[in-house]
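Below is one structure, written out as structure tokens; the observations come after it.
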Amino acid sequence: MIQAGVLGATGYTGFELVKLLARHPAADIAFATSESYAGRSLVDVYPTAPCLDLIPIQLAPMERADVVFICLPHGTAAPMAGAALEAGARVIDLSADFRLRDAVAYTRWYGLEHPAPHLLAGAVYGLTEFARAELPAARLVANPGCYPTSILLPLQPLLAVGACAVGHPIIVDSKSGASGAGRAPRQHTHFVEVADNFSPYAIGRAHRHLPEMEQALSWWTNSPPELIFCPHLLPVPRGILSTIYLPLADGWGEADLRTLYDETLAGEPFLRLLPAGQLASLAHANFTNRCAFSITVAGDTLILISVIDNLIKGAAGQAVQNMNLMFGLEETLGLPGSRK
Amino acid sequence: MIQAGVLGATGYTGFELVKLLARHPAADIAFATSESYAGRSLVDVYPTAPCLDLIPIQLAPMERADVVFICLPHGTAAPMAGAALEAGARVIDLSADFRLRDAVAYTRWYGLEHPAPHLLAGAVYGLTEFARAELPAARLVANPGCYPTSILLPLQPLLAVGACAVGHPIIVDSKSGASGAGRAPRQHTHFVEVADNFSPYAIGRAHRHLPEMEQALSWWTNSPPELIFCPHLLPVPRGILSTIYLPLADGWGEADLRTLYDETLAGEPFLRLLPAGQLASLAHANFTNRCAFSITVAGDTLILISVIDNLIKGAAGQAVQNMNLMFGLEETLGLPGSRK
Amino acid sequence: MIQAGVLGATGYTGFELVKLLARHPAADIAFATSESYAGRSLVDVYPTAPCLDLIPIQLAPMERADVVFICLPHGTAAPMAGAALEAGARVIDLSADFRLRDAVAYTRWYGLEHPAPHLLAGAVYGLTEFARAELPAARLVANPGCYPTSILLPLQPLLAVGACAVGHPIIVDSKSGASGAGRAPRQHTHFVEVADNFSPYAIGRAHRHLPEMEQALSWWTNSPPELIFCPHLLPVPRGILSTIYLPLADGWGEADLRTLYDETLAGEPFLRLLPAGQLASLAHANFTNRCAFSITVAGDTLILISVIDNLIKGAAGQAVQNMNLMFGLEETLGLPGSRK
Amino acid sequence: MIQAGVLGATGYTGFELVKLLARHPAADIAFATSESYAGRSLVDVYPTAPCLDLIPIQLAPMERADVVFICLPHGTAAPMAGAALEAGARVIDLSADFRLRDAVAYTRWYGLEHPAPHLLAGAVYGLTEFARAELPAARLVANPGCYPTSILLPLQPLLAVGACAVGHPIIVDSKSGASGAGRAPRQHTHFVEVADNFSPYAIGRAHRHLPEMEQALSWWTNSPPELIFCPHLLPVPRGILSTIYLPLADGWGEADLRTLYDETLAGEPFLRLLPAGQLASLAHANFTNRCAFSITVAGDTLILISVIDNLIKGAAGQAVQNMNLMFGLEETLGLPGSRK
């Protein structure tokens, strides 16, 4: 059994991860930490959680872990990654600390010096479906952001073949459930402020997930398109739906796109292109590790609608998928929603 | 025009009050205070609010007000009431500070010495429909709690005539929307914690509204029944529904109860007994100053279901209704939901 | 007092209209019809509704009305409009029957022969802010669709001056509350299907509001842009938020756009451009007759976020605003949310 | 592997059952029927469902099933139970058809002649925890109603020892999520009617689950108390919370009750008495097969708050738990939420 440590088990992502690991047939939870609830049980925080004692992070026995999952805020994650690696564990970091390869960009977007720049070069960007070659040997994996996961997965095949017209922006209108805003109570996550409301935030070129996405696009094409990214807060607990408007290169029609996806995604256990006439909704992905998406062509524009569960495929599920590949296990092990 | 000051305009109750006063044909808002938003406009907090500058409470020109509404936390309200009264204003306090006549009970339930015990004797308990005699001369009105308002209004006629069996408890199972928990963000008001959930709290003999209700019952009957009170948090922004199980005294049937209510409530502009066969729901009262209720007899038990909008009849609306009577205006002026 | 008849008072739009008319200082409800609830009172359908007897449409005394509001499904509205006009009443039709001036287009989009093509030429498209010249003399007004209202209002000033680049589509990503789907129960409006979900529908070039919008654009510019329109169903009762991505013509920056709006919208009582740094959310418009919008420039793209209450500004409120102008009243009379 | 047939797989209960069976390590789904979706796949109805072809019920190959689960409306279930039994299958009926042992009571409460009265005597009432002796040999199991499950489970130990005072009613104030109302669209399950609302229905002595509960009470005590039962509709998709007010017999205090439950429920995998100071909420049971409950004593009244997931422990989960015992499997097999 893989011994897994979880740093930060009481946030929404950490809890989702613990639930997945508790049912995982090849992993045990070696330890779980919490700042606010150290000394108590996870069941005191989430009534249906597995029984699990929460310890202070200072007491985390890193040396007992084969893999350490880090579910801490950015800035505090990187130092812990260093500590875990030194203790001999492999690391899957669910924070933003190792997503950008460029420490300067990190400082620009996150407003602080990178705490462990020497580790950046060795970090693998763990967008699982496009990182399978690197994951088996990876010691440090940067788990992608939730929005980027929903957006990049269906875009990659298009960019790789040049189906996107050069010189025009791709417009991404995303909507996320409130668990994406984290568990700490804030005015803008108060029930009365969120219920019956719907709000955009950090739109245009302002959200921290933007450089992460443009970095990935630059790997996949020599002429990466500009992204315009508008996230909105949905009055639901979980789920992300991204409506992506992509200017098609000449000659690409819906049939060509379907053929392309059929070829590139054949056998993918968690990616699902919906049949013509169906549109993706949160119900297509919630509570699974899937990314489901639909395509509709309107004139020269492809309307790509992509959905994931932000806590599973957008965070904890993708992290477990990465663990599976890092440790030579079946990729779908312990994960809900895989196709037979 | 009545000049009205509002202390604490940016909580949910304060905002509801400002909305009512802004449309009131006989009142002007003389000033409005806010601790967190002083120096800004109410529209920065609530996008559809009336334009209103927010000042620090220390600068409140009490002497310019005919009436001061206090929407502050208990403990901080009483001293401001004293200041307003000294400046010559009349006061309607929406906090709990003047609801209990007994300073000892106040200390027991609220955990602090009463800040202005000398004012208690002069305070009128402003359950409007049963305070009409005292309101015109009142200088200090204690606006009732939201739960007590929903529960006491339909109970009073029953207790006054002895329709409740002696020696058995009245069981009150109440459910309140999340605005009742206030606007300050807390873990238990986070959208993700409230949505899809439903939770009891402070049940049995533990909620601070209990002594307030038992005090009122003791005014209305010589043998006041014990109350068992179980509030629950509903995943809706507003509204209270109280399901009240009352043991009937011998000889009382549904027809007698309807006759009693017809007689005692005839002409009441905001109290409405629903016809037989209809049950009260939040939709019967939300966004109005009404208390609607239904009665159903099952064996010897009366099931009384009472609904109010916790922010209007349960707080700001009842406060305006009290103001109307204090100043000799038509009781329904500026209030939504009155019967013709 | 203006005598107003309401055909179809028990749908969500009809009920909202009745509420506005009941409080309107210069209008009386002469009669209200309902197919399913004829013979009953509106209060039996909506517990806090004004008292109003519902009659069968066949008995509607058209001759007693100065204006007849039609809140019926398309196809059934047009014949009633003819009957009302013949009886001497003026007509505000909230259905789609008179929105398209071209009967052929009507048949293509709505799948039936237009029931009253002879009335099309005389119908005024009642997007109030841009129909003020025609409304005073209008006898038949086509009240715009809810989505078009949210989208066209902030677009008109841009198209009129050529701020939109020619040759590129305008992308409109709209999100509507569930009351927009009507009151008749359907699988896709079942609480369990809508709650916790978010779904696109009729996207691209498929929604019936598309030709209505393109018709308006063609009035305002000689080179109307193509629209790509993607509506989504939000798990909230009411409100529409449209995120509009508009390719800017050369030389237009945010400052120019603000100047343009300041000049063209100065004095508009219900249109509100938010200050820089604020983004529109449903909370900016719900329960008012406002259209609030924010602008953000990202590269060559203007991100225009526009919100309305779909039942008020998107339907019943705009209808009353039209009535006010048709009858020479103050435009804001009886409508919530106007600026002083 | 146990071959399981499912009659009525596309309602909320049927779908929950299919999900549980699809993951069950000792059962296969032999066939699944649907009236409205015959010929299609379950995935067309529920996007994340397992792949499963839906056949018309007339074609159901009963003879291939070891057990047939019936998720059909009452009245139509009983004849299918007869057919399945004749074909040699065992039957777990999730409808109400075999819950009442008395055909006359069935007619009184359900308004029709019982379709298969000869089967009533052999039916086992499958409240699992109190039916373990009969389930292994049972051929026909009546799966209890959702409300009764939440209420009876924590009541049984109290009634069995006489902890309930004789001569006073037990008051049960229940609140259920909207999936309890079924999937067929109706006015009262429209999103706009349910959201932001909270409504009682069928209160007092009117709900069909009442005789089912009183029947069970009569098995457990010679002096069964009267029940007053008030269900309410919660604006959440799933979950039931029942607040039960029980008059305690002399001498019973909270410590005695805790001892009683500790003794009677020790080892129960799905029943959980919460520690003192904690109150049960929907979050304690949703998405599990648990019944969690809290106890609070107020005067002579025990306030028992019990929660279940109405679709799992209240329906499909309990059905699988029953199947496990009928077929000699580990009771918790394939069910979420068991304690180690």
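Per-chain numbering from 1; labels A, B, C and D assigned in written order.
The rule we apply is simple: a residue touches a chain if its C-beta (ideal position, glycine included) is under 8 Å from a C-beta of that chain, and two chains touch if they have at least 3 such contacts.
A quick note: this is a predicted structure, and the numbers were derived from the prediction, not measured.
Peer 1: Copies chain A and chain B touch; is their interface built from the same residue numbers (over half shared) or different ones?
Peer 2: Counting which numbers both chains contribute, over half are shared, so the two copies meet through the same residues.
Peer 1: With chain centres set to the mean of the C-alpha atoms, which chain is at the far end from chain A?
Peer 2: B
Peer 1: Round to the nearest whole Å and give the separation of the Cα centres of chain A and chain C.
Peer 2: Centres of chain A and chain C (C-alpha means) sit 39 Å apart.
Peer 1: Compute the distance, rounded to whole Å, between the mean C-alpha positions of chain A and chain B.
Peer 2: 47
Peer 1: When the centre of a chain is set as the mean of its C-alpha atoms, what distance in Å lies between chain B and chain C?
Peer 2: 38
Peer 1: Note the residues in chain B that touch 2 or more other chains, in rising order.
Peer 2: Counting only residues that touch two or more other chains, chain B contributes 193, 195-196, 235-237, 281, 283, 286.
Peer 1: Which positions of chain B touch chain A when the two form their complex?
Peer 2: Per the stated touch rule, the residues are 12, 178-179, 183, 185-187, 189-196, 235-237.
Peer 1: Taking the complex as given, what residues does chain B use to touch chain D?
Peer 2: 168-169, 171, 173, 175, 193, 195-201, 203-205, 226, 228, 230, 232, 234-239, 241, 243, 245, 279-283, 286, 296-301, 303, 305
Peer 1: Could you pull out which chain A residues touch chain D in their complex?
Peer 2: Interface residues on the chain A side: 46-48, 51, 195-196, 281, 283-288, 290, 292, 337, 340.
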